[in-house]
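Chains: A, B, C, D and E, in written order; residue numbering restarts at 1 for each.
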Amino acid sequence: MTAQPKLVGFACRWCSYAGADLAGTSRLEYPASVHLIRVPCSGRVDPTFVIRAFQRGADGVLVAGCHPGDCHYASGNLFARRRFALVKRFLEYLGLEPERFRLEWISAAEGRRFAEVIREMTADLERLGPNRKLREDP
Amino acid sequence: MNPLVPQVATILAIREDTPDVRTFTVRPDGEDFPPYRPGQCAMLSLFGVGEAMISITSTWAPETALEFSVKRAGRVTSALHQAEPGHKVGVRGPYGNSFPVDQWVGHDLLFVGGGIGLAPLRSVINHCLGRRAEFGRVDIVYGARSPRDLCFRQELFESWPKVPGASVQVTVDAADAEWEGPVALVPPFLEQLKPDAAGTFAVTCGPPVMIRYTLQALTRLGFPDDRVFTTLELKMQCGVGKCGRCSIGPKYVCIDGPVFSAAELKSLPAEY
Amino acid sequence: MPRIGAFICHCGLNITATVDVERVAARARAIPGVVHAETYKYFCSQPGQEKIAEAIRSSRLDGVVVAACSPSMHEATFREAAALAGLNPYLVQIANLREQCSWVHSHRETATVKAAALVAAMVAKVRRDQPLEPIRLSVYPRALVIGGGVAGMQAAWDIAEAGHSVLVVEREPNLGGRMAQLSETFPTLDCASCILTPRTAEVARHPRIELLTWSEVREVSGYVGNFSVKIARRPAFVDWDRCIGCMLCQEKCPAPAPIAFEHGMGMGKAIGVSFPQAVPNRPVIRREYCRRFQGRKCQVCAKVCPVGAVDFEQAESFREEKVGAIVVATGFDVMPAAQFGEYGYGEYPDVIDSLAFERLNSSSGPTGGVIRRPSDGKIPREVVFIQCAGSRDPDRGKPYCSKICCMYTAKHAFLYRQKVPDGQAYVFYMDIRAGGKGYEEFVQRTVDQAGAMYLRGRVARVYPEDGRLLVEGVDTLSGTTVEVAADLVVLATAVLPREGARDLARTLKIAVDEHGFYSEAHPKLRPVETMTRGIFLAGAAQAPRDVAETVAQASAAAAKALGLLTRGELAADPLVAQVDEARCSGCLVCRHVCPYQAIEPRDVAARKVASVNPGLCQGCGACAAICRSGAMGLHGFSGKQVLAEVEAICL
Amino acid sequence: MTMNLLPSERLAEFRECLAAGARLYGPVEVDGIVLFEELGGRPPAIRPGNPANSLKSFLCPQTEAVFDFEGGYTDVALRVPAAPTAQAIFGVRPCDAVALERVSRVLLAEPFADESYRQRREMTTILTMACREAGPHCFCRSVGVSPADGRGSDVVLYPADGHYLLEAVTARGLSVLQSAGAFLDPARDEAARATCQSTPVPLIGAVEREDLAARLEAVALHPHWDELARRCLGCGACTFLCPTCYCFALFDTVRGARGRRSRGWDSCQFKDYSLMAGGHDPLPTKASRIRRRFLHKLSRFPAVQGEYACVGCGRCGGTCPVGLHLAGVLSELEEVLR
Amino acid sequence: MTDRQAALRDIAAGLLGGGQFATFIGFRAGLDPSRPVPHFVRDASGAGALVINPFCGAGLARHVLEALEDGPVGILTRGCDGLGLERLIADGRVARERLHIVAVACRGAVDPARARAILGRIPERAEVDAQAVTLIAGEERRSVPRDSCLLSRCLNCVDPSPRLADSWLDEPLPAGVRDFKAVSHMEQQPPEARYAFWARQFRRCIRCYACRNVCPACSCRSCSLDDPELQERATSLADQFGFQFTRAYHVAGRCVACGECQRACPMSIPLSLLNEKFLKDIRDSFGIADPHRPSAVEPLACYRPDDPESWRGDAR
């Protein structure tokens, strides 16, 4: 078996984390690449968390939050949307492959979508191979 | 061998002296720690946290473990306070000069300590008491913020007072319900005691403010600057006179100190 | 050094089927700081919880990681168990090995490796957890209801009946709001005042309800359970305590005044009440119409008043009130005239809006309930009702459906036909939205029994011809152009938030939507709460709604307020933001992103720092994410904690 | 000392010969600035003055591992990094080589010689290019360093028209010349050296004064340091680029059960440089830190070592974002004194 | 030129003489005539040392933070300084009413290193106009195109005059529109080339933090970059990427494009090219025409319901 890519996910506890739980209760199989970190809101995710994940060897990073308009805190995901729109482009500007970072809206009802996003991203990361650009030398 | 690489050592015992001072008994796992003189220090480290220069409070004897009394202050010392017997630490040294004990032979000695400042003094006191016959009177004056903050109680109240020709005077800044002893800051307390300066070497160690006023008090009591010694503490990282941090004028506290005579101190710029 | 215990649950076979829990426990044991690791069939069971408690005590644990099902299942369970064993409950973290690992992966090796990483992440997190205590907030046992319409009265009544005191602040001189202006209500055609008047009287005399009419909320400070409210009472120029409500003043006053209550259909007097059954039954002088205030010699009211209650010197007065909860029930306005040029509204007197038609219908209205058109008092034979005047019109009006218009237009057509049996009502509509108990049937009755002609289509224009109004429209069902000569045109104008609603939102620090309606905290789960704890919404202030919905929502808001008031103290989750004041530069960018207005500047040693009100903070962390210096932290999700999780996962 | 001539056209071959047994570094122009980097076959960019970085990058790297550790609280194993491999640095200016000699006095002082520096120093060959033209910020002569100074070098190359005079200063230098014997002409050209020795370098009176240290100590408490502090941004550029600054910090990094204790450049200009855990800071203000830097270089280091901890390379003056040139500052102080 | 200098000295002397102002910040001649240094005048008699010339390159805005500790400050202010002051004011670090802004229109500052390279010696004087730069040393005068010897930030400058002013030394010059040409050029490079470029740049960073210390948007009392748990001190390439990302992101939406970081960088890392990437994307994504000019609420502290989600699908 080839080594699986490492995917770090930040998931808002109200929507995306619950969506991942729903994927679980629905027994939707997806790759074990993803490791979710529960945060109160996608608006909590500081871009330095993302860069740190890449530095420490994550092959991909996912930030997942409630759909716009559905944020438990009204606006957190809208701040996140602005922030990560910039961050994504900036990482690409530094030469990182765009597939390595995604921001997705996944509601608590979208277990299927969560599984699908993980499958897609994992496939992309497998195709790209390990992230060597931002990670420190082992 | 790289002087910055410590010996791995094991914490054998931890004693809680005061609410924020603990004494660690430490022994290197491999080779013995080199012989050290009273007043010398060592770099004590926790792997993953960092290092701190700590004075060695024990007195060297073959095959004895090292003792460090550590006050909780910063990152390293706070982490040390969470350590338990059996945990590994790094230790390297001994560093720095030491008290010029041989110069004192034949004289009376006055030790003036405040708070955790008794830690370096303890090593030299025990060293001198170990060579009891070579010195005259040994007077120990010690103070702490409160009775709870008194370090080395066993020695203060039991061992040292029993030594012939030795005296121990203990004061606190603020008493509690049980304290029956004197209540005074160390410098005025010292002046009240009126120690005889003639033929006496004085050694003081404690918090910077206490040292400053104690030095003034000693001067008023007639102690000449070259018979008064103290120790300095500055931020140190290498301990071996390289990293630059602990310089005072042309001196490095880590190799030229920590022990300075009052006369030497006066020749240094006031950057400590 | 930390002393962390890791408890890896089998969850029967749910986890063990895919994850080698013994290996996960072994990997956990190898993490520096983990002094205890064990596995068990069901840690959520009583014996399982006891195992955790026993380990906390015997191994002197200062952190617990339970690797089991999702934290949404048993986080609370394990926290309680830890607390019982003497460990602060916030030093417990859950690694989600079931929903997010064993149930979704089938390859045992990879699932086990991932499970170990998830446990390591939680160990890293719990190491950086601080013991926390729930935030305790006292609750002042009194509610403020802003608005004395049917919503406000219902909420006030429910709260008072449940045993708590209520302060009702109403901007108009009297209670009643929009509903008091209505004639009948759909679909039952009950007379509106027959329903409302008894409720108004009950509210007015309730021992636990205090009324402050002709008053406005000016300032609000504090937070849930502890609001401080500054209320301004406008001068009525009548000492209401002396006044006996004889209304001689109104009778004798020589100055006519258009009063808002009649919505342009009739006149009142410069002194008086809006309508005869007004509660409180106390007059006000509207100074812009009063001859005395216009500099003329008059003072008739003062002369006739038998008790000398008229006081021309009265000034605005203020009072500070303390309340624990606030219900906002400020109601709605209808879209103003200027917006409908093509319908001739404002230009032709016989083009009126539906609220005016209510007044024409009302037996206590200016025509005594006889429908007469404004221009010449003639009873109209042909009436055109135009729906969606401003609603569902994103270009010129509002994109939303005003919801109540279909039903009241049907009611109007029905009532018109009752009063004018040979009259003909035409209704131009886009769709008929009659969702509600008995609503669709009522519309059908309007068509069948009242003979109203429903024309699906838009009206292109209205113009006068021979003393009548020609209404040109398109019947989109037949595809033909329709032209109706009408005596009266009634526009179902769009429902808007009350004038001043935005200002009040700012005062209350609650959010409004893009149209100015107050925003609920969650459209599904928290429909009557605002984003500000302790402030609740009732009625059309939040969105267009009819009487029945308004009352239901008002009761819901009252229930939410009561939920607060009945507890003398409030425990809030301590997972809130906190400021490291030594680090804070006082740029206050955090204020901009806080949805709860929980951050205020505070002066510390001659400089400004951000300060978090833990009563308001909900712990979303937007502030912590935008703070660049790291001065703003978030308990339970601190930057260093999240980074530690990242690092543990990436090892 | 052994001297040889190297025809200019054979310089590249000479460098290749150096690169045979060692990693070869030299000044190269990258993105518009000249830096010491691994040459990798590129021709060196020999310009008047100095590259932006100093030799420190190769002898006391910006950060390096002191040791790695692995284990838990109750068992730890340490591993020290492998010894450095041989390196040669070509195109060094005399001042930089002298700086190494100055730094070595501290770092190699017994009984606690800095082992990693010592190992690197022993594995490093310094090939110095004497100066025929001063750089824009050079003031070496003012601090007792000459454009043809051989101290700290293994081999000095004196450029002349059509050839270089090569002088072996150390035994290692001698072996370099021996191994490159095929390219060398065992002739002498004393003029080449003399030319460099007389290269004009601006003299800065304020620095040149013999009583500089005493005068500086006399103004140690002058308020002009506060004025300098207003201007200073508190960055560490001057100290990080200075070839004679050797301060370092030790810090630990952890990756699970593994970790590393590293050392890295530190600067006395940083505000937490001397801040103690209890909050006491002997250098609490920017002014006190700037004063520390100047006094250390020009008074206190000389008091012990007999030479300035400044070689006049001009980097601080050339790079300081607010123009706090060492010589300029001294001139200001002189002005203040008058 | 000299008129402006005389006027500046008069104003500074007036402010300091009036007793209300504690400091006037401007430039004075340095040891090297092509490098005037920031100067802090404390009393009216010192105003005579103030100079204005095309070598005045350093940004002054950041200096007000410390100078204000002594009392109100007068400050010579070009467009870039003005934006920096606006930033400090918007961040609540500086009170507008404690500043007297002496505005001057700037045609660009000469990069002393480039000027010296062109002339072969240190220039003594320079003249800058809209077309060219004339460098003067002794009898020698050389006119060269602006882009050959101005500071790179001046070549991209669209704000020659400050937006805030209490007094003017001359007429304001009109503001322009930023074109982000360099960013666009970089965006068009293949990803591998971009990575190689940035890796090369970042590798040589010495972590002196001049970029931060000089930046008017980096005025935090305590910087997260100094917290070893948030930013390790190691200088592996990964750490360098992390550091550079964090620095640039922390000024995203706050950078006033004054270019001081790049000017201050002793290793000539093109930091503006990072900052401007954020600015360009803020302009393009959020419809903020001039994102480098401070606004009441910074772009990342607000949102619009219809903000683009163009990042969706970027990957596919």
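One rule holds in what follows: contacts are C-beta pairs under 8 Å (C-beta built on N, C-alpha and C of every residue); 3 or more make two chains touch, one makes a residue touch a chain.
These numbers come from a predicted model, not from an experiment.
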Query raised in the report: Going by the stated contact rule, which chains contact chain A and chain E alike?
Result: C
Query - Contact-connected components, chain B excluded, all else fixed in place - result: one piece
Report task. Farthest from chain B by Cα centre, which chain is it? Let me know. Result -> C
Report summary line: Note: chain E sits from chain D at a C-alpha centroid distance in Å of 30
Query raised in the report: Centre to centre, by mean C-alpha position, how many angstrom separate chain B and chain E?
Result: 51
Query raised in the report: Quick one: chain C and chain E, Cα centre-to-centre, how many Å?
Result: 48
Query raised in the report: Can you give the whole-Å distance between the Cα centres of chain A and chain C?
Result: 34
Query raised in the report: Taking each residue of chain D in turn, which ones touch at least two of the other chains?
Result: 71, 73, 249, 251, 255
**Report entry** Residue list for chain B, restricted to those that touch at least two other chains
**Finding:** 48, 83-84, 87
Report summary line: chain C residues touching 2+ other chains are 1, 32, 593, 626, 639, 643, 647, 651
**Report entry** Contact pairs between chains, per stated definition
**Finding:** A-C, A-E, B-C, B-D, C-D, C-E, D-E
Query - chain B partner contacts - residues on chain C that touch it in the complex - result: 1-2, 32
Report summary line: Interface with chain A, chain E side, in the complex: residues 186-187, 191-199, 224, 230, 234, 236-239, 241-242, 245-246, 248-249, 252-253, 274, 277-278, 281-282, 285-286, 299-301, 303, 305, 307-312, 314-315
Query raised in the report: Across the complex, what residues on chain B touch chain D?
Result: 1-6, 8, 45, 47-52, 73-77, 83-84, 86-88, 90, 208, 233-235, 237-238, 240-250, 255, 269, 271-272
Report summary line: So, in the complex, the side of chain D touching chain E is made of residues 30-33, 35, 52-53, 62-63, 136-137, 204, 227, 229-231, 233-237, 239-241, 249, 251, 253, 262, 264-265, 267, 272, 317-319, 321-325, 327-328, 331
Report summary line: In their shared complex, chain A is touched by residues of chain C numbered 70-72, 96, 98-101, 103-107, 109-111, 113-114, 117-118, 121, 511, 519, 521-522, 531, 575, 593, 595, 618-622, 624-626, 634, 637, 639, 642-643, 645-647, 649-651
